[in-house]
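See below for the structure under consideration.
We call the chains A, B and C, going by the order they appear; numbering starts again at 1 in every chain.
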């Protein structure tokens, strides 16, 4: 309750407010897709390196029938696309790039999760390629995450594991949750940007295969694109103007004594360098019809894939997004910011793939969405704390270097948008203004 | 010693037969009616139906399936999934179930098993235990269809369940379920050393070696799903080996 | 379609639904009876039952059916007891102290003491061997097996009443009793697949 006293004004969260303010440039009227469990508050992929606290979000649109673009794309996926044709297109690309001397011919970024398992496996054993798998390490490995990573390697792939400097990663993650309530952002940036830079440095890998464009935030731009749009992972302007954790590189260098070298793994590749490298970045999901649940079965049958021991917080499944102990918190923050939690994401995907009906999805969302992630709370809070041993000099830069439950509650409340949340003064709890039905 | 009972396990979601791996996923296999009748004709000893999402949606659809089925199939039918009250149980029996399987409610409601066995008789109450290995020779009982850890040790819970009046235990290894890598005989032995009631062992059946071992260890019954649904084995073949 | 109506006694014990379905599958009509008058005018009766002997007999007496059943049997009406129903045909049971049964076939109900690894209650399928001295032909094939679930068994006073039995090692346990118009099946014919339907039909077809 301490945290509530710190909240400057609960007035904007009153239930009775007729026109509550919408933060992040989100649409003030919340609407749910008629086919799935997404709402119009869902942001679609953005250029993380331009992301500031004040950034106005680009959101998923609903058409005049109230159907979201992700569902429209899914329908096209099932009805319009000539998958045979795309399969042979993929064959042609592989034929073009396949190594003739046993060297690596493509890079497969991944973690050993169900999707990357399928990507690497099919490329190697079905299309005859020689992939090098590349992994950006999770913040904190779960036991099963590490096990799946090892199983992946042991099913027959070379792997390059890059683990970012622990101190810097913790610092950036903490800054990210403080400034933009997006603890996963530095990780996402590294995961997105590092592989291309790595390939550019290696010089002999000209092809990178990502997985399913549509499981990445359902971005309509990517739908008909076999290649990942360059503007997602490359930049034209000055490096100092790029942003991480809601701060510019310039600010990070100045205030936190970071160097270009420290930040390099996170930053996108320069456009000119990218052009010179002639690397192609493709989506495997463009050529092969991607069915997430089938990937789970495939990885289990061919690779000893194991699930999380319990269902993930905020959702009903235990086989997706399980490598990192910080995963649970990531989805909790999206629930706070956009009113869309993990069950909403999972149910939406399952609905589009025909595993469940919308009515079932709604039930699942009502049951699990927004569940507080208790499981790894202690470890994650420790990870996010600016402790004396590791960050002695930087502690002074933080009003509250220790990251604990009260601090997190307080932080959480600051990021609740009044148009999504109201505060019930009698019951003393937060509720969504618009619940899915 | 009489032969080991072979019981096909059918996981049902709405009107479909589905197959999970480690109790997750919902891959559809087909029409449960046809498949069940096929098993009956091929000399299955009993049938086991579990509603995989009953505990999520608060309803059990299997009653409709067995209502029809029990008009043509004359072997014992066990039904489970989301049975939370005496009324739920009664409606399952009225639909044609001979036995009911309870898991989550048995763990969460202290006297549920007692009340069920008093009302309907122990012989018709199966306690279903989904076991996840924690370390060597230690397993934990999971609830809500393998989604949540109840915190209870499987061996201790089995003993208590038997004391509370369960007539049989359906013991499933979550780790092996859907993988065909073999049954967890350590799990079976640990539990059967502590309880006197029959145990139906399931999760991971994948080879005829499993049968030989089951025979040796005096397993009372086997619950088999993937190996039968995907026709890796037929009931006839299995029974021949026994 | 045979016209005979089979009466199944509904005294609140046992799964009469499956049983009625099995009877119907064999081409007969079913009616459930739970009062003395209906029992007395039945021409074929099935007495089902599961669970405890004492409770079963109490329920019979609660519904005032005891005398009616005795009288009907004296008339020569075919009566089939299934599982607990068969056990109640005996003189007495030793479960929970002594309780009296219908005493239509001399014998006692006792706890089965089986050697390891057999457990009680016994749940499973067994083949039935027919007593050589019997002259009743149930047409049981050597491959037929039947579904049993019980902890207690019927120990016949007269060996010839034990028409069918199962073996556990060297122990013989009564599976079928038969004396004049009184029949008993320890197993569940309605749960014993096709073999069960067949042996049920044997009884249903009796004149």
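FYI, a contact is a pair of C-beta atoms (placed from the backbone, for glycine too) under 8 Å apart; a residue touches a chain by one contact, two chains touch by 3 or more.
For clarity, every value in this text was computed on a predicted model and none was experimentally measured.
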Between chain A and chain C, which partner chains are common? B
Most central chain by CA mean? B
Looking at C-alpha means, what's the farthest chain from chain C? A
So the centre of each chain is just the mean of its C-alpha atoms; given that, what is the distance between chain A and chain C in Å? 66
What whole-number Å value describes the gap between the mean CA coordinates of chain A and chain B? 38
Can you work out the whole-Å distance between the CA centroids of chain B and chain C? 29
Note: chain B residues in touch with at least two other chains are none
At which residue positions does chain A touch at least two other chains? none
So in the complex, which bits of chain B are touching chain C? 1-3, 5, 40, 43, 45, 70-72, 74-76, 93-94, 96, 98, 121-124, 167-168, 196-198, 218, 220-221
Parts of chain A lying in touch with chain B, wherever the complex brings them together: 293-294, 296-297, 300-301, 306-307, 309-311, 316-319, 350, 355-356, 360, 363-364, 367
Note: in the complex, chain C contacts chain B through residues 15, 17-18, 21-22, 25, 50-52, 117-126, 147, 149, 168, 188, 190-194, 196-197
List the residues on chain B that touch chain A in their complex, please. 21-22, 24-27, 53, 56-57, 132, 142, 144, 147-149, 175, 178-179
